[in-house]
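Below: the structure, in C-alpha cells.
Labels run A, B, C and D following the written order; every chain starts at residue 1.
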Amino acid sequence: MTTMTMAAALNAGLRRAMERDPSVVLLGEDIGRLGGVFRVTDGLQKDFGQARVIDTPLAESAIVGAAIGLAMRGLRPVVEIQFDGFVYPAFDQIVAQLAKLHQRSSGTVRLPIVIRLPFGGGIGAVEHHSESPEAYFVHTAGLRVITPADAATAYVTMQQAIASDDPVVFLEPKRRYWDKADVDSAVDVARAPSPWQSRVVRAGTDVTVACYGPMVRTCLEAAQSHESASCEVVDLQSLSPLDTDTLIASVRRTGRLVVVHEASGTAGLGAEVAARVGEACFFELEAPVLRVTGYDIPYPPAQLEEHHLPDLDRVLDAVDRVLAF
Amino acid sequence: MSDSEPAVRLLSPDGERLADGRYDIDVSDAALRDLYRDMVLVRRLDVEGTALQRQGELALWAPCLGQEAAQIGSARCLRPTDMAFPTYRDHGVAWARGVTPLQLLGLYRGVTNGGWDPTQLHCALYSIVIGSQALHAAGYALGASLQGSSDATVAYFGDGATDEGDVNEAFVLAAGFRLPLVLFCQNNQWAISTPREGWHGAPIHRRAEGFGFPGVLVDGNDVLAVMAVTQAALDRARSGDGPTLIEAFTYRMGAHTTSDDPSRYRSADEVDAWSRRDPIRRLSAYATRIGAADESFFAEVEAEADELAQVVRAGVRQLPVPPPESMFDHVYAEPHATIAEQRAFLTAYQDSFADEGVA
Amino acid sequence: MTTMTMAAALNAGLRRAMERDPSVVLLGEDIGRLGGVFRVTDGLQKDFGQARVIDTPLAESAIVGAAIGLAMRGLRPVVEIQFDGFVYPAFDQIVAQLAKLHQRSSGTVRLPIVIRLPFGGGIGAVEHHSESPEAYFVHTAGLRVITPADAATAYVTMQQAIASDDPVVFLEPKRRYWDKADVDSAVDVARAPSPWQSRVVRAGTDVTVACYGPMVRTCLEAAQSHESASCEVVDLQSLSPLDTDTLIASVRRTGRLVVVHEASGTAGLGAEVAARVGEACFFELEAPVLRVTGYDIPYPPAQLEEHHLPDLDRVLDAVDRVLAF
Amino acid sequence: MSDSEPAVRLLSPDGERLADGRYDIDVSDAALRDLYRDMVLVRRLDVEGTALQRQGELALWAPCLGQEAAQIGSARCLRPTDMAFPTYRDHGVAWARGVTPLQLLGLYRGVTNGGWDPTQLHCALYSIVIGSQALHAAGYALGASLQGSSDATVAYFGDGATDEGDVNEAFVLAAGFRLPLVLFCQNNQWAISTPREGWHGAPIHRRAEGFGFPGVLVDGNDVLAVMAVTQAALDRARSGDGPTLIEAFTYRMGAHTTSDDPSRYRSADEVDAWSRRDPIRRLSAYATRIGAADESFFAEVEAEADELAQVVRAGVRQLPVPPPESMFDHVYAEPHATIAEQRAFLTAYQDSFADEGVA
C-alpha cells in the first residue's frame, strides 16, 4: 500500500500498462516534456521515449483521428485531451468514427483506445475548464465511459480501460487529482473486479444516493454528516454501460433515491438513472427520484461555481426532501 | 490551374506518349493491358452500380465514372502491405486492393455499413464523413513509422474535402511527423454543386508547400502520369522523406450520386468537353499505338466486363440481409450489459409475433 | 389554405422570413444553385441573390463559426447542415461558442441563428444520414431545440425560430419532408401560439403517448389503430425548453405514459421526460413510464433500420404493456 | 525562418531606423510617444496581472510580456469601427480597443466569462478555445463585406493555433470570399510546451499562399514594422483585395499562464537571448535617438504606470462578485421556462438558509 494522489495513481497506472504491453502509446498536447498540464504523464516520456509518449500538434480532431489510425495499425493509444472543454473539436472523430468503426467493420477493426479527459468543476478555473460532458458520450452507442472516484480505483480502472478492446472515455475528476488514498500497486489487475459496474461505497438503509466521479466524495461527506438518516451511497463509476443493477437493488431496500452530478440536469445522466429506477422500482419507490445537478446554464464564472455545483448542503436538502415525501 | 506548374502528363488525350522533364515511368505491355482491364472492369462495375440503383436494387450509388485512371493508377502502385484509405467514390481503389464487387455493393444496398476486412485487404472502409479518413491515414502512417516498417499509406479525398478542418489537420500531422503518407486528392472539379474553379484562391497541390511538404499536379486522366507521380511519392514516403500531396486533375463525369441532378448546376458542354479526355480511351489509343494491345484483347476485356456485370447483377440480389439481431453483434468487442438486454428484448419481441403467427 | 409538402412549407417559411427581414441570410453547402439536397432552399438564391443565400465551402465548423460572426455583425443567419451526421464537425462551434456567447457577453451579444438540421431515419440511407442527435443539443444549455411534425407547423415554427433572438437548432424530420398538409400561408406568425410548448395532437383518456418530429405521425397512426384503448398523443415539439406542463396535465388524467423517439434510449430525451413525469406525477402514475426508442447501437445498415426504429407495432406493444401494468 | 523572405524590420534591436524595400511607415513623434506609453502601460498591467495572481486575487493570468509591439502595433492601426477578435493573451489589443484594465481582469478573477460589450468597443471577447475566434472573425468580415462597409476585421491567434482545423477553415473562408480580413498570428515560439521550431515544415506566413492569399513575416518586436505591415493589410482588405496573413515573429517572455512552469521545457538561455530583443527598449532607444522622447517623458510614463498599477490593485479587489441568481440572467435572450424554474428554485433554496439564520 502506498498513499498517493489520484494524479500519481493515474500516472502509476499508465506506467504499469506501458510496461506490460509495448503496444500502449500515449498521445496528446504537452504530455511529453511537460508531463501534461496536470502532470499525469510526468516522467513517462523520459522513461519510455518519444515513440511511446507522443507530443502532438494542437489539434484535437487530429489527435483522436490519429489514434484511430494507430489502433488500426495494432497499437493501443491512450489519448489525453487537455481539458473537458477542448474535447468538442474532436467530437466528430469520437462520435462518428471511434464509436462506430467497430460496428462498421463488422467487428474486424478493434479500437482499444482510451480518451483521458480531465473533467468537472470546482477548481476556480476560467471558462471551458470545468465542463461535464459525460452525457454526450453516454448517449453515444459504441463508447464505454468510466470515471474513478478515488486514487485506488483510478490506478486499477486506468489499466482496465487500457486493456479493454473497446474505446473508453476515461473521465478524470480533476478536482480530486490531489486527493490522496492508499493504493495497492501490487494488485493483480487481471483479477480485479470488473470496472463496468457500480459499487456501494457506503451502506445505509433510509435513502440511496447515486453519484460518480467528483461527486462521490461530496455525497460521502453529506451521508456522513446527516444527523438522522442512514444514507447508502452508490458510486456509479461505469457510466456506459450504465450499471443500474446494484443501484436498483439498493433502492429496493431503501425506497428512496437521490441522484447527484455536476452536469446540467436536463437530459443529463441523472435523467437516465431516474428513468431506469422509476421503471424497475415502480412499486418500491416511496418518493419520486430527486436529482441534484448543475443548472441548465453555461458554466458560470468561477466565483459563482459553488452555487452552480451540487455541494453537501444541496445533497442534504434533497435527501431531506425525499425523506419527507 | 493558374499559378502553378503544368500538370504532369505522360499521355496526350489521343494516346501519344509525352515526355515530362520531372517524372517518368516504364510500364510493360502486359502491365498496360492489366491497367486497361482494371479500368474497363471498374467502369463496368460503376455503370452497373448506377443501373442497379435505378432498378431499386441499391439505395444509392456514387459513380466514379471518369476517375478510373486516377484511382487505378494510384492504387496499383501500392504494395500488398501498404494501406489505402478510400472514400465512397473510390471503387477503383477498392477494386485494386482486392475488395470484391459484391463486398463493395453491400454498403450501397444497405446490408452493411462496411463490407470488408480492412486489416486483411489493407484497404480501409469507405469514409463518408468528408475528410475524416485523412486523419486515420495519418495515424496509420505514424504507427507504421513508429514500428520502423516500410509500409506506406495513401489517403484519398476529393477537392471539396480540402475545405474541411480534418484534412488540414492531416497536413499538419503529415508535415510535423514527416509521415510516410501520400495525400491523394482527386480534384474532379465538383463537390456536389460547388465548383472548384473560381472559388478557391490557389490550386490544391500548392496547399502542401504552405504546410511544409511538396505538392504535385498530375493529369488525373492519364494513368501513366498518375502512376509515375504516385510511385515517386511512395518511394519518398518509404525512404523517410515524408509526405506528398498529389492533386489528380480529373472530372466527375456522372452525377454526385444517384440522388443528384447535376443539370441544376453544370452545363452539358462542360461534361462534353471532359468526355474528350476520357482516361480509358486515352490508354487504349496508346496501347494500340505501341502494339501492346489489339482488337482481340479489347474484345476479350469487353467479354470479361459483360461477365462481371452479370455476376454483379445476379449477386447483388442475393446479398444476404443480415438478421435483425445482428444489429447488436459488433457494437462492442467485449460483453456489454445494455446491449445484451436489448438484444434479448428484440428476440422476445419478435418471438411474440411468431406466437401470434404473424411471423 | 394550400396543400404542400413539409419541404415546400419550410421553403415558403424561409421565403416569408427573408421577405419580412432583410437581415435574414441563409448559408450552407449546396443551398444556392442546387437548392439544397432536399430542395428546401429551392429558388431562394435566384430570388434573393448570392448575398442572402450563400453557398459555403465544405466545412461545417466554418459554417457555424461564420454564422456567429455574421450575427455579431447584425445579421440573422439561417444555417443548413446537409445531414444530421455532418453536424459533429461543427460541435465545438455550436456547444462551446454558439450556446455560450450570449452568456459570456453578459447579454450584449445576441445570436439569432437558426441551425437547420434534417434528422432521423427511415429513408433507407447509407450511414451518417439517419442520425437523431437531439439529446446532445437539448443537454446543452444556451440552445433552443425545436422540431415540427408536419407541414403546417413547419411553416410557422420556421419563421418563429428565425424571429427568436436565441440560437435555435431546428430539426427537420427528413422522412416527413414529402408528407403533405394544408398550410395557411396567410397566418399571422406574430400572433401564432408560442412554439416553445408541446401540443396535444390527439385527445384520449387511457394512456398518453409523448413523441416529436418523425414519430408524431407514427404515434398518431398507432393511436388510431389501437382497438380498445383511447390514446392521447402529445407532440413535444419544443425539445428545449422542454415543455412538460402539457404532458404532465395529460398524464395526470390518463395515469400512463409511453415516450417514443428514434434516438438511442440511453440518456436520450425519453429519459428526461420519464424523469420529469416520474417526479411530477408520482401519485398519479398507475404504471411506470415506458420508453420506445432506437436501441443503443450505431445506426444500422438501411435494410435493418425498420427493426431499430420504433414503428406502429412497437408503440402498440408498449401501450399494451403500460395498460397491462 | 528557413525558406522564407526575411522578416520586415524597420527598427534594429538597438533602435536604429532601417529601410525595408517592401514596407515603410511614417510615424509622428507624438504617435511614437503614444505607442511607447501604450506598450509600457500594457506591460505594467501585465506584470500586475501576474503579481495579482500570485497574491490570490486572480484565478489565472496569461502574460503578454514581450508581445507588446505585436499587439499594440497592430491594434493601433485599426479604425474605431474595425473589429478585433483577440485571444486570452492579447491584453495589448484589448487595451488599444478601449477595454479598461478592470474589465479585462474580471475574466481572470472569475467574476465574469467576458467583461465588456464587444459591439460597443469593437473588440470581441477573449477567445479561449484555440482557433475558434478565427471563424467568428471570418463571418464578421463576410457580414461587413455583404453590407458594403469598409470596416476591416482582424483575427488574432497564436502559432499553435495554426494546427487547429478552425484556423485553417478560416483561411478557406478568407480566400474563397476574398474577405476584408487580416489574420494576425503572433508566433511567440511556444504553444505551452510545444516549440514552433523544428516541428513544423514551413514558416507560418507561407501557409497563406497555399490557400491563395499573401502571407508576410514581420519582426513582431518592432512596433513600426508591425504597424507598416498591418496598415498595408488593412488597406488591402478595405479596397476589396482580400485577406492577408501576418506572422509576427516574437517571443512569449513569461510562462504560458501562471499555472505553467516553463523551466520544464525551455532554457533560460533562450529567454535571455530574446530579452535582448525587447520591444519596449527598442522603441525607447529609437525615440531617444531621434529626439522624439527624453528622460522626462519616460519618467512621466513610468509614473503613469505606477498609477495604473495602483488603480488596478485597488480596483481588482473591489470587482463586484455578481449575485448567484445572475447565473441565470443571460443564458437566453428571451424567456425560458426551465431557467425561470431553476432561478426560482435557487432563490427559495437560498431563502431557506436565511430562515435558518445561516445567511
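Going forward, a contact is a pair of C-beta atoms (placed from the backbone, for glycine too) under 8 Å apart; a residue touches a chain by one contact, two chains touch by 3 or more.
Computed from a prediction, not measured in an experiment: that's the story for all the values here.
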Next item on the list: Consider the two chain pairs B-C and A-B; indicate the one with the greater count of contacting C-beta pairs.
Entry: A-B
Next item on the list: Starting from the Cα centroid of chain C, hunt down the chain whose centroid lies farthest away.
Entry: D
Item checked: chain A-chain B separation of Cα centroids, rounded to whole Å -> 40
Next item on the list: Give, as an integer number of Å, the spacing between the C-alpha centres of chain D and chain A.
Entry: 35
Margin query: Report the inter-centroid distance (CA atoms only) between chain A and chain C in whole Å.
Written below: 31
Next item on the list: For chain B, jot down the residues that touch at least 2 other chains.
Entry: 112-113, 129, 163-166, 169, 172, 176, 199, 331, 338-339
Notebook entry, point to check: Going by the touch rule set out above, which residues of chain C reach two or more other chains?
Noted result: 57, 59, 61-62, 85, 88-89, 92, 96, 100, 103-104, 127-128, 141-142, 240, 242, 266, 295-298
Notebook entry, point to check: In the complex formed with chain B, which residues of chain C make contact?
Noted result: 29-30, 32-35, 37, 55, 57-59, 61-62, 85-86, 88-89, 124-128, 266, 295-298, 300-304, 307-308, 313-314, 317
Item checked: chain C-facing residues of chain A, complex -> 61, 85, 88-89, 91-92, 95-96, 99-100, 103-104, 127-128, 135-136, 138-142, 240, 242, 263-264, 266-272, 274-276, 278-280, 282, 285, 287-291, 295-298, 325
Notebook entry, point to check: Which chain D residues qualify as touching chain B in the complex?
Noted result: 162-166, 168-169, 172, 175-176, 178, 199-202, 206-213, 242
Next item on the list: Using the touch rule from the top, collect the residues of chain A that touch chain B in their complex.
Entry: 25, 51, 54, 56-57, 59, 61-62, 64-75, 89, 92-93, 96-97, 100-110, 141-142, 144, 164-166, 196, 240-243, 245
Item checked: chain D residues within the chain C interface of the complex -> 83, 112-114, 116-120, 124-125, 129, 132, 134-144, 146-147, 165-166, 169-170, 172-173, 176, 329-334, 336-339
